[in-house]
Amino acid sequence: MSFDLRLRRRLGGRTIALDCVADARLIALIGPSGVGKTSILNMVAGLLRPDEGHVRIGGDTLFDSASGIDRPAEDRHAGYLFQDLRLFPHMRVDRNLRYGRRPDGALSEDDVLAFLGIGHLLHRMPSTLSGGEAQRVAIGRALLSAPRFLLMDEPLSGVDRARREEILRLIERVRDELRLPILYVTHDLHEAERLADRIVEMPDG
Amino acid sequence: MDFSLSPQDWTVIGLSLKVSLVAVATMLPIAFALAWILARWRFPGKLLLDALVHLPLVVPPVVTGWLLLLLFGINGPIGSRLDQWFGVTLLFRWTGAALAAAIMAMPLMVRAMRLSIESVDLRLEQAAQTLGASPLRRFLSISLPLSLPGIFAGAMLGFARSIGEFGATITFVSDIPGETRTLPIAIYAALQVPGAEAAVSRFAIISVLLSLGALLISEILARRATRGRMSYVL
Amino acid sequence: QERGPLLLAAASMQEAMTAAADAWAARGHPRPVLSFAGSSALARQIRAGAPADLFLSADEDWMDDVEKAGFVMRGTRADLAGNRLVLVRPANRRVSLRIGRNMPIARALGRGRLAMANPDSVPAGKYGKAALTALGVWPSVAGKIARADNVRAALALVERGATPLGIVYATDARAGNGVAIVGAFPPGSHPPIRYPLARLTGSRHRDAEGFRRFLLSSAGRAILARYGFSAP
Amino acid sequence: MDFSLSPQDWTVIGLSLKVSLVAVATMLPIAFALAWILARWRFPGKLLLDALVHLPLVVPPVVTGWLLLLLFGINGPIGSRLDQWFGVTLLFRWTGAALAAAIMAMPLMVRAMRLSIESVDLRLEQAAQTLGASPLRRFLSISLPLSLPGIFAGAMLGFARSIGEFGATITFVSDIPGETRTLPIAIYAALQVPGAEAAVSRFAIISVLLSLGALLISEILARRATRGRMSYVL
Amino acid sequence: MSFDLRLRRRLGGRTIALDCVADARLIALIGPSGVGKTSILNMVAGLLRPDEGHVRIGGDTLFDSASGIDRPAEDRHAGYLFQDLRLFPHMRVDRNLRYGRRPDGALSEDDVLAFLGIGHLLHRMPSTLSGGEAQRVAIGRALLSAPRFLLMDEPLSGVDRARREEILRLIERVRDELRLPILYVTHDLHEAERLADRIVEMPDG
């Protein structure tokens, strides 16, 4: 089972929950705005503590309220593309990209730069990037951190059509060649259908 | 006004610089730790710690000096041990003057740093965490550089305060030429003599020049450290 | 109730002047308002035009300064009190030393320092330096002085055991709980210690002159004597 | 220790509070304006203004008091005009004590506020601008509330500094019971009397309690003002 | 002419330029990431000063380097949806929405709240909103400011499919009933074709 997620958490008066066991390479998480998709990613990444449940990915148990396991976020090796990007404002793009790099990274930096088309931005500060440029840098940072799995929160928002296709192909490569489990949030059904072997729709609670 | 400086004057200036720099350098990590604790931690005695940090600001400097004398004097609880164990005494030493200056500078340094630490976006630290950064690395690469404005402001305030510190210093370590006679102490001594206004003004101007230099340096460092970060598309 | 005249007095006069003001008020006069600070600060305030009636300085130089600047009402300056200079030690530490020419004060100090007010600027320090010079021992202790900014601070250093010896006024040592007097300096060893009193030109208070005369009267001087001050 | 307070003690406490509160309240808008100018404007003499603001920190308080005496004395350039035009003198008045306290508190207040103003995101002001907000409204609705942490920190620092101010006050307005005898001056007076350690400690503890109260209030206000703003999804 | 834009500005080594005269109700601005779409909107809004050119919308001259006209942003009455939203973090949603409200607003608050589906968020602080919720609140704030024209930078990014359709309908109503000129940045050709009567493609410089 690449994914075995069972999560429950109360947040501001509503309950956010997901039950999903699947041997999928890429799960697309869809659902209306505010249903809790980002919160689910935060729980899987170790940034938001579930009230109960467990998180198992690729056989690794990252969290289990029953047995008290709760691996800190820095040991979960998630490649997390945040919905709000969170580029480090005081570092140039190259330092942002290299921040999480580990020696055992399977993706080469040159590849990622080429696919994302950000090679010319390496010496820029994040505050000078356009929306789509920042989005692509954030994707690059997540990919280059030698992750064991990927969490991608609407990765193609703000990306133009031409780049879109290249990034989709990059994600497919990561999925197929590197075989990284991917949890993928999107509002675009086409995207979901193209990429995912499992689509999970979070119901409006 | 006559601005030629005697060798004694140069001694006073050098000593003031030494005392202030040592005070700020020593207090910097301590103040940052205190600021961090006050900004980030939550614990029962927090308000008390906060009050303690403000103490040297609230209590007149002479009283602070007097408390230092009680604590670090030959018979004081700390002073006697320092003497016994390390053969060190701070009394009448420039190190004592630096201690007094550091204590007086502490509340200003802590407050400035705390303000900056509190304005660091915690979401960035979370991002670093998912990228595998240990708490120490998160601190060094995210929190610390993002609170640099407060660190510079704190160091600058602390240095200025140290350069101006008088009451606690004279009460604790007295006025020993070449050892504890800093600029304010020289100024005060000059003020005791009728008609010494010229000497007072001279020393006061030197103090101001020193701090102006420190101000300049801190502004330049701060600008360099935050360059690019704030340049929104305007 | 009417405010009395404003007396600016050296800080070391605090207790004596408070008692004198009480005594004057007890005679049915409005109680004088007392303000204590260092003589130098008070003199500067007077020169800045502070609306005060009387000035009691611990230092003749500062009274001279104020007088030269034209702030002293003619014919009102008079010495109110005198004082003596003493050598003190922490109460719990024995020192065998007799004050006299070439006394072995440097040896008595050992590695410690001699606490006194700044010998270059503060009156008590200047008197102390004069006395030590007259006794021929100044060169032996000049490098071992802990200069305090006023007499009380020097006293505090001795009280706390920070220095083995200190030079203060007899009035300071009298009630100091942690110190003991080693001996008094002979009166001839330093210029006489005098506290000049004067009425200021800006004085308008109708009771100012009365209070001034009261202080200088035998009743006033008796109060000063109670606090250890000598006749000028 | 005997903690019963005499009527005179209460006068001292009340006066200290009055002086400090008036000092902080008066200096608050001035310090904010200075902080704003230093944070937002660019002009040739800026570093000089910055240095001027730091002056009371660098120069020993006694010298500041002396300068105030020169400026606000009867014959001083400001004092003589105040006297002529309004019949007002600050000498020996509690208003003078408040002036001294305000001046001494200024650098601390300005620095704290400036740090906060500098961390306000200018893009938010741009957003307000496109929504039709005038400069004044932008200031009142965006910049001011977003710099509240610095304003509170500045007010707190200023208050604590005012409560503890001694050197400039006694040099400028002397020690007049009921008029300028604040807590630190009462402490100084007590220090002149042999064996008055109990009185000194009592007054020192009262100072600390006052500031503790101010600290508590400022922390509560700051927390209330920033509530919700920082609650990232953690 | 509802739009008469002629803008030129150097930014970080490249030149961003647009020439566009059109009597269109809605112009869709498309082009690759980083080409300068957001910069154009900023120039029209009065937040970025063009090096030269002019901005005329609905007959009003907002900027003209030749005659020295440069109306400050607060007098241009733009309804600007920022790409980075810029909700005021210290105000609840309702105060954010009401911030720019003028008495002559043509859209009723109830309408806007209903179309955007944000009525239940009025008492929340922006930091607690999900990505799509924040996006919709920012759209609402721009619409409620009684604008003379609209600048919308990728308004549907992060919005789920169901809401998407409603918001598109709202924009059509604003375009047709209120007849507000709209400058609309998007990466989605379908969106552009559905809404715009003029599509301007900014060429990669």
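Chains: A, B, C, D and E, in written order; residue numbering restarts at 1 for each.
By definition in this document, a residue touches a chain if its C-beta (ideal position, glycine included) is under 8 Å from a C-beta of that chain, and two chains touch if they have at least 3 such contacts.
Composition by chain, UniProt nomenclature: A, E = Molybdate ABC transporter ATP-binding protein; B, D = Molybdenum transport system permease.
Quick caveat: nothing in here was measured; it's all calculated off a predicted structure.
Colleague: Could you name all chains that are in contact with chain B and with chain C at the same time?
Modeller: Touching chain B and chain C alike, sorted by label: D.
Colleague: Farthest from chain B in C-alpha centre terms, which chain would that be?
Modeller: Most distant chain from chain B: E.
Colleague: Looking at C-alpha means, what's the farthest chain from chain D?
Modeller: A
Colleague: Counting only Cα atoms for the centres, state how far chain A is from chain B in Å.
Modeller: So the centroids are 45 Å from each other.
Colleague: Measure off the straight-line distance from the CA centroid of chain C to the CA centroid of chain D, and report it in whole Å.
Modeller: 35
Colleague: Provide the C-alpha centroid distance between chain A and chain D, rounded to the nearest whole angstrom.
Modeller: Taking the mean C-alpha position of each chain, the two centres sit 50 Å apart.
Colleague: Among the residues of chain C, which ones contact at least 2 other chains?
Modeller: In chain C, residues 156 touch at least two other chains, as defined above.
Colleague: Touching at least two other chains at once: which residues of chain D meet that condition?
Modeller: Within chain D, residues 62, 66, 123, 126, 188, 191, 230, 232-234 contact more than one other chain.
Colleague: Tell me, which residues of chain E touch at least two other chains?
Modeller: Only 38, 47, 84, 128 qualify.
Colleague: Which residues of chain B touch chain A in their complex?
Modeller: Touching chain A from chain B are residues 123-124, 126-134, 141-142, 145-146, 226, 228-233.
Colleague: Looking at the complex, which residues from chain B come into contact with chain D?
Modeller: 47, 50-51, 54-55, 57-63, 66, 107-108, 111-112, 114-116, 118-119, 121-123, 126, 149-150, 153, 156-157, 160-161, 163-167, 183-184, 187-188, 191, 200, 204, 207-208, 210-212, 215-216, 219, 230, 232, 234
Colleague: Touching residues of chain B toward chain C in the complex: what are they?
Modeller: So the residues of chain B in touch with chain C come to 66, 69-70, 73-76, 91-92, 170-171, 174-176, 185, 188-195.
Colleague: Using the touch definition from the top, list the residues of chain E that touch chain A in their complex.
Modeller: For this pair, the touching residues of chain E are 12, 30-34, 36-38, 83-84, 124, 128-133, 135-136, 153-154, 157-164, 187, 189.
Colleague: Looking at the complex, which residues from chain C come into contact with chain B?
Modeller: Chain C reaches chain B through residues 38, 40, 43, 61-62, 64-65, 113, 115, 118, 120-122, 145-149, 153, 156-157, 160-162.
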